[in-house]
Amino acid sequence: MALLEIRNLSVEFETVSGAFRAVDGIDISVDRGDLMAIVGESGSGKSVSMLAVMGLLPWTATITADRMEFNGHDLRTLSGRARRKIIGRDLSMIFQEPMSSLNPCFTVGYQIRETLRLHTSLDRKARQTRAIELMEQVGIPAPEKRLSAFPHQMSGGMSQRAMIAMALACEPKLLIADEPTTALDVTIQAQILELLTDLQDRTGMALILITHDMGVVAETVKRVAVQYAGQKVEEQQVEALFDDPHHPYTAALLSALPERSQDRFLPTIPGVVPGQFDRPQGCLFSPRCQFADARCRAVQPQKASAELGYALCHYPLLHGEPQGKEASA
Amino acid sequence: MAEYTAETEHGLQPAPPPGPVREFWHSFKENRGAVIGLVVFSTFLLIAIIAPLLAPYGPAQQFRDHLLQPPVWQDGGSWQFPLGTDPLGRDMVSRLLYGARFSFFIGVVVVAIATFFGVVIGVIAGFAPRWADTLIMRVMDIVLSFPSLLMALVLVAILGPSLINAMIAIAVVLQPHFVRLTRAAVLSERAKDYVTAARVAGSGQLRIMFKTVLPNCLSPIIVQAALSFSTAVLDAAALGFLGMGAQPPTPEWGTMLAEAREFILRAWWVVTLPGLCILVTVLAINLMGDGLRDALDPKLKRS
Amino acid sequence: MLSFLVRRLLTFVPTFFGVTLVSFAFIRLLPGDPILLLAGERGVSQERYEQLSAQLGFDQPLWKQYIDYLAGIFQGDLGTSFVTKRPVIDEFFALFPATLELSLCAIVIAILLGIPAGVIAAVYRGKFFDRTLMTTALVGYSMPIFWWALLLIIVFSSGLGWTPVSGRISLMYFFDTPTGFMLIDSLLADQDGAFLSAVSHLILPSIVLATIPLAIIARQTRSAMLEVLGEDYMRTARAKGLPPLKINGVHALRNAMIPVITVIGLSVGTLLAGAILTETIFSWPGIGKWMVDSIFRRDYQVVQGGLLMIATIVMIVNLTVDVLYGLINPKIRKG
């Protein structure tokens, strides 16, 4: 059985101007030791779906799902108290802004030991030992000294390492990393990603990496889910995805990578992700899709087969060519 | 853009765009407390203006046969004096209505004096050379080192107890807050590009100080002025209560309380009603002040 | 931190001299001839007048008088009361514990009720709790406290007969007051009911004096909490699986306390101003009542000395608050 199993997850936010659907019928399934990425532009609902799993969304959000299970617990019916036993221990998360994600009033050591105090039966001394061990594990030099430092005394990369140490404190079964490198310098980004995959490899935990950067995905994960405007549009193993993207959006994203560009000019995807007020009637990607026709604009597409990467498209691509177009036309 | 096309199409005078006033009103009326405050405040203001028309008697008129008569709903009360009479047989309703005049008069004058001097000194401090700025701010620190009411008391003792002197004293005590606020706002505005642009365009120093920069610092000053209005009403009443503000027989609410103090055990209405008037007025102003702050200062909106 | 302290101390010095100048000037500006007042209603002969004038230094030029005044201050001499003929500084220290006791009780009440009220209001933002608490706080903030005191006396003293109307302790008790704090002294005196009497005398004045600081602290705590609750590190705290009490009470409150501490410090001035009214109404023998009485009696030396002492206390408290602010805010401590 999968570690994390989500079927048809939707999240709606109550806003002044009506409900806004940030996540729209997402399926995700993660096995033990899995290493996957969720990719999408800003506003595609990738963080929101994971925050829903963690139970960290504000009360304005309404979460519905056919199934939402983690490690045998039904997250939909779990009480707050029972959920708090799981998150931070078996299921932990690190965030985009390491600098502001650490509490400025407490030392790094306090914040790591706090997690241990909450979820383990270690005594004071053992907690300190474990904290030092964790700091070493995430590659922070002079860990004993660093434990008594305040967050503002550390750099962004160092803060993110401390965040990772905190998240790993209770040896979680699943770590969700929400754009862990976006706010960091390019040189630090690679180090942090390497650290994450290395730790994943050593501890055998599952890792979900949320990112908007296809380049990061290629070097890091095994499996990729692509999200667009709150919907999952494609899911494949990473090599297959890069070889043969089945959804036009994935294809467009990949051709926008500088490494893969063959033209003099870098191709871009015109337009932006639809918001609350300009949601198209048919396929959500149709206004920006180079292959879209009348049917795309009028009818919502269904998921394609596993061989076609579950592509949410009327005419999934095969080696760059839209399939089934002539038949319907 | 929208107004521009409308104007050319219809060939009419351009309709004024939704100005800052309208935008402000829109967010002000969202705040229910602020609207209630505004309604109560306006009612009191109206009462203050037309007090002579509403009041059944003059504020100093004495009815020797009706000393300390209770309000109409209590034994011994009559419709002749709906809220009873005070120890000298004066009608409470009339005195309370006239009292509204004094509270508003005090509030308006004190806030006007304190704001005017505070803002002018604050703008000067914001633009002055460092030594002058330091000097001004030190002087303000000194004034602020004395508890406001004590300072006002001593000032009134020097000037002699009267309503006007109490108002001057309160204005002096309130004014450093305006200086600090204005100076802080000026310092942050002064560094902005539009000020440099005005300087490059050849604006004189005075023009930059009062026409370019000051209008952009008004929001916090307006909020402070509203909140100072309530402080002024409260402090004037406190001074009146201590015998250092308006002198009897002035129907100022604080003074009325002081006169009635010895009767608190025998006649609750002479003590309760003036205080209630002060509380409701101050509460209404503070509600409005909170609404003003939320509407004018989006940064503070969440608080 | 050290340079911050030094800089802060440096601004203290000129302000202190300014305060001495102001209290000195005030007395020279007060109407009436102090010597005639000192002599009382019988009047004085010309000869005696000059003698008194020389004794008090009023025949000297103003600048000389100021220098003498400053010299006196540094020797702990604030002059002598015209009325009681006792040194002002002695009177001050005899009365100060009463004010301190009252103010401490008031600020403790304000903090113990104000901070939880602000936290609860912020956590239940926009809900019933929040609205009720914040409406109450605004009423408290708008309260004319002299009237509030009279209302409480009507209800609790004359109506229910629970609390006495004035003073610090019932007249039937008489004992030494080594500390000046009636609560402690009454315990030390070990007389039946003395402590309870002291407590019952303290309750109403403390509530009255606490009202406005309580409202200010509750409002400030709420807005500081609201600011903090939206921060990223609050999400981290929740992601750890911490219980809500720890999230709000430890992670949020610790950050929200930084601005609240400042407000608590600043309310000391409010407290002393409030003490003037509270002490007058409850006949509480502290420095607030002493100052008001002295102003009415035109006891200039007392007004001058009292002004200086009170302003100095306010300045010292503000200084302490700044230092405390540095201690609680790690960014300043190590920065």
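For reference, chains read A, B and C in written order, and residue numbers begin at 1 within each chain.
FYI, a contact is a pair of C-beta atoms (placed from the backbone, for glycine too) under 8 Å apart; a residue touches a chain by one contact, two chains touch by 3 or more.
Every value quoted in this text rests on a predicted model; they were computed, and no experiment measured them.
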item: Of B-C and A-C, pair with higher C-beta contact tally; value: B-C
item: Maximum centroid distance from chain B, chain identifier (CA atoms); value: A
item: Rounded Å distance between chain A and chain C, as computed from the means of their C-alpha atoms; value: 55
item: Gap in Å, rounded to a whole number, between the CA centres of chain C and chain B; value: 25
item: Sequence positions of chain A contacting 2 or more other chains; value: none
item: Contact footprint of chain A on chain C as seen in their complex; value: 231-233, 235-243, 251, 254-255, 328-331, 334-335
item: Parts of chain C lying in touch with chain B, wherever the complex brings them together; value: 11, 14-15, 18-19, 22, 26, 29-31, 135, 138-139, 141-144, 146-148, 150-151, 153-154, 158, 222-224, 226-227, 230, 269-270, 272-274, 276-277, 280, 291-292, 295-296, 298, 303, 307, 310-311, 314-315
item: For the chain B and chain C complex, residues of the former touching the latter; value: 33, 138-139, 141-150, 153-154, 157-158, 160, 230, 234, 237-238, 241-244, 254, 257, 261, 264-265, 268, 271-272, 274-275, 278-279, 282-283, 285-287, 290, 300, 302-303
item: Residues of chain A that touch chain C when the two form their complex; value: 54, 56, 81, 83-89, 92-93, 95, 97, 100-106, 111, 114-115, 118-119, 150, 152-153, 163, 166
